[in-house]
């Protein structure tokens, strides 16, 4: 940490900062410029938050962090990439894993026809929402545990491990019973009570990036999981909120490449939420594959115009099968 | 809802849309333009989501909602302003209620010295965090139930009702026992499990706007509370995420004026999180008062540079007292 | 400037950075931490861009600027507030100057009826667009020089000095002949050719903040004007682009308070573009007055629904007069 | 256009709107819902802005545009893709054209060594800034006409046509003499005086998307060029401003796929400005190629740490050659 003094800071203010840096458990290195002084806090065993709070001390202009705040998820701590095993499917091993299925589980028929189609198309995992976070209380909220049973049945039939969202600590146990990968939705990325609970389960977690979360905040949310005891985390970029309204969100593909630099955890893309437009799903999927993402999560519905949620951004069954054919070539092109 | 057909939509596609609109429980009114047709779905008893899903139907360019999606929180449904009673303090009655206190409860001494000072300065409610949402797992996470006891004691002494954040459904009962106003933090604005739980308590709720939530999404989150059975909701704008980094967030004061047009619920401002800079708290508080906000929530600490959280944006005790003096005049100027 | 070395930077890389810092005309102060080293470049006579480019040197993690990059517009250089004289009206002297008039000059009748009404209401300056920046080439582009003549006539009649936008270096001369304050529109804030030209005129300049310009970038645009020879600059915040679509832009009032901390130049607000909704103009104007802005620019039209541009955000004549009445009280409340 | 009436609009207000729609040259189709009425303006020969202004009429809630506002750049008007010839190099013909070179031309040696290297690596066009838009007036502003001479010489030697930025109408003639493709920078995307001037030259134009421009605004800026007489426009996405600060901008690759749906003009990506981090240039370039972009513009410098501008985001010569090798495979994978 660097503490920048104001231009007119007094010697007493400077000395106070130096004392406080030492009190916080660091060495204080002073550099005097022509117009202002800076104090570098050196060491790693101190209390970081006490340095941060010095931004409020008299004569201080600001505090700048030098080192990244996350630790266990960092590639500096663990240079080798983590491979997450989801019911036998490896994510992060250099292959490109496609997760597909309906936004919400609506009925046995809807789920099973989708599951068979995505399996045939080459998907490796089946997604399906049982508990649905919906912007309005008047929208379909999911079938709940009944959807979990259907998902488990669909896994039985197709052999595809299943991914479903967990919205509340209270649902964790029942979801763990039936699902193979527990998704934390974008709006819950900083639901720390939920993260702390999921740090204690023995199932892997799919952590979506929040719509206004920086890459740093996203990795810190993952740090909650890993530091709490669950090393099996897959990150998923699903678009951020920007001024652009032609697309539902702005899919920040650079954040995938950047996250893969900063962390050893696998990172996948969700072009369905990321664009909200079916016609953009294939090009963005190809782009994600070409830049080295570890996989894809995509929404598929047998009849999007009758979907109870997210129909307008879902691929239909032929659309999914076409996506998979068009994906094969950029995948061969990625250096592994 | 308006369904816009594409320019080259066929008659069959158009007819299909008309059939589906009727099937969803609406009348379909067709308008043919020179280049395209539009279908208006008329009525109020139908299944809105079925119209939305038509965006995925062949020949459809898009679906545009005309009416606002929220109901019970709308001023159209209830034109008179809601007054929320928080332990005897009225919010929304035309007065300007200041909520103040430390970001986190850290100790008896820290809390009590702050409580006395904010009471003396004119605050009507005491805030203090017991369960803290922190970006990093390595930061101070709050004293938990011990902080609740201290808050209850401080209320006893000062007579100020207390506000504290609830992060998880599991903490709702214990917080209800001790607090007068339950805060839903910005990062939990769309934690729907939490909202559903808080709809069932007999305490009022302070609902912060999420950092990337539109005004519409914010009001829909409030709709979860009201539709679920809790009409006592206070809204709080606390800054949104934008490209500007000189301030911690961008305090969107226009959203307060706009929310007060759209809803009958009271709306307050949080300039501490909204700016992240102590020097901006007074001017933005005066601005909030002048535009007709129902109150303010502000962080105060006896020694910001030693705060365990949010020190850099906290006012110290003399700073708070100065803020209150500078607030008195714009308040007199507001037409009520 | 601080140059942060990577954790695994070699001694040779570190030495190279130190050499380059000296070569750029600075002293290099080294601080070695446990995990990484930082080099502080000390001095003020060096070549700053050479330090910035070191971000590309081997072993360097990043370069962090400590001092603000603007100089002449800074309050550190000139602590006393600048008062800009616009045809006899002082902006920045502690009074609150209201600039009002139509978005575009459309006809003599439209301009004169507006001019008389805003004068009667208390406006001190008359605005009116002659050359209009329009998103689409098919929209009304302004009456050009004819509008300038009308504005000059209106000034003659009402005594109000006039403000109009300059879009191109080629129009500077003719506009200088007729106008009292030259407006640089938001989309031209970083049209550096235009800024350089306006630095050489003897008329004051109204510099609008760009829709995605940080406060820092805005002040640097002002620095172009002042460093180029024109000290008479008024800043105007008119809303930034964010994800919120209920308002046309997000009026960033905190940026006004912040800019007034950082610079000695006067700063005003434009709630018409800043919100795009007539109902929000009065509350946001009151807020701007309460936080200490130096004035306001607001669009007024005798018949907004027939305006050739920006009708939906214009006040009509009674609306303006009501705004002015409602403004008087928060203004008295501002400490001057 | 759809005009939505308010819920409590009177019959007189409704009739007024209908009259005004007809007066503007459209037919008015009325649909009465249970709670409100909507009026559709049908026809194409009317005055669109008069409909837009109706948002300000009494009883009107809002005006919603149905059709896209751009015409000549639209694929609906011209379904076949435009191929732009830049000094013999075709952009938009299904090939992937790489434009490379230094941010600024700094010296003959710097330019020529770069030009030779990018030619050897497979670039088809040479970029180099002569007139530089710089955030601060104290930064290097470009060599001006001297740089143009050097670029022309470099073209002579390498055979690569040259691209350079034009910042002002006053420089258009001299740049046209020496350059093959005239770049409009992101900050000038809505410098309409410049666009109107460039609509009259016989050289193609590279139009960068503004940092806060929607795709629609970007295409309307292109419409200025095409409607003004210059059909040879290449679009370039270079990143938008968002809250994320780890990257310089957020490269919005979906906007490329979307623009290619909406317009027949070629669209390329600029990952140098789009990310600001050399390590992200290769992955984002591969992604752009995989999604079907028409090419790439990338900054290359023989010694980035000594560059006078944008060094930190420039590739060095070996970095560029490596990029080109890694690009070849996704390119083969794109269906054309």
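Per-chain residue numbering starts at 1, and chain names A, B, C and D are given in the order in which the chains are listed.
Please note the rule applied: contacts are C-beta pairs under 8 Å (C-beta built on N, C-alpha and C of every residue); 3 or more make two chains touch, one makes a residue touch a chain.
For clarity, every value in this text was computed on a predicted model and none was experimentally measured.
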item	value
Minimum number of chain-to-chain contact steps, chain B to chain D	1
Winner on C-beta contact pairs when A-D is weighed against A-C	A-D
Chain whose mean Cα position lies farthest from chain C	A
Rotational angle, Cα trace of chain C fitted to chain D, multiple of 5°	180
Chain A and chain B, separation of their C-alpha mean positions in angstrom	25
Interchain centroid distance [CA atoms averaged], chain A/chain D, Å	31
Between chain A and chain C, centroid-to-centroid distance (C-alpha), Å	38
Of all residues in chain C, the ones touching two or more other chains	212, 240-243, 245
Chain B to chain D touching residues, read off their complex	2, 4, 7, 29, 31-36, 38, 40, 42-44, 61, 64, 66-67, 76, 241-243, 245
Complex contacts: residues of chain D adjacent to chain A	212, 214-216, 240, 242-247, 250-255, 257-258, 261, 274-275, 277, 279-280, 283-284, 286-292, 326, 329-330, 332-335
Chain D residues touching chain C - in the complex, by the definition given at the top	20, 48-50, 52-57, 63, 69-71, 133-140, 167-171, 187-188, 190-194, 210-212, 217, 220, 223-224, 227-228, 240-241, 278, 304-309, 311-312, 314
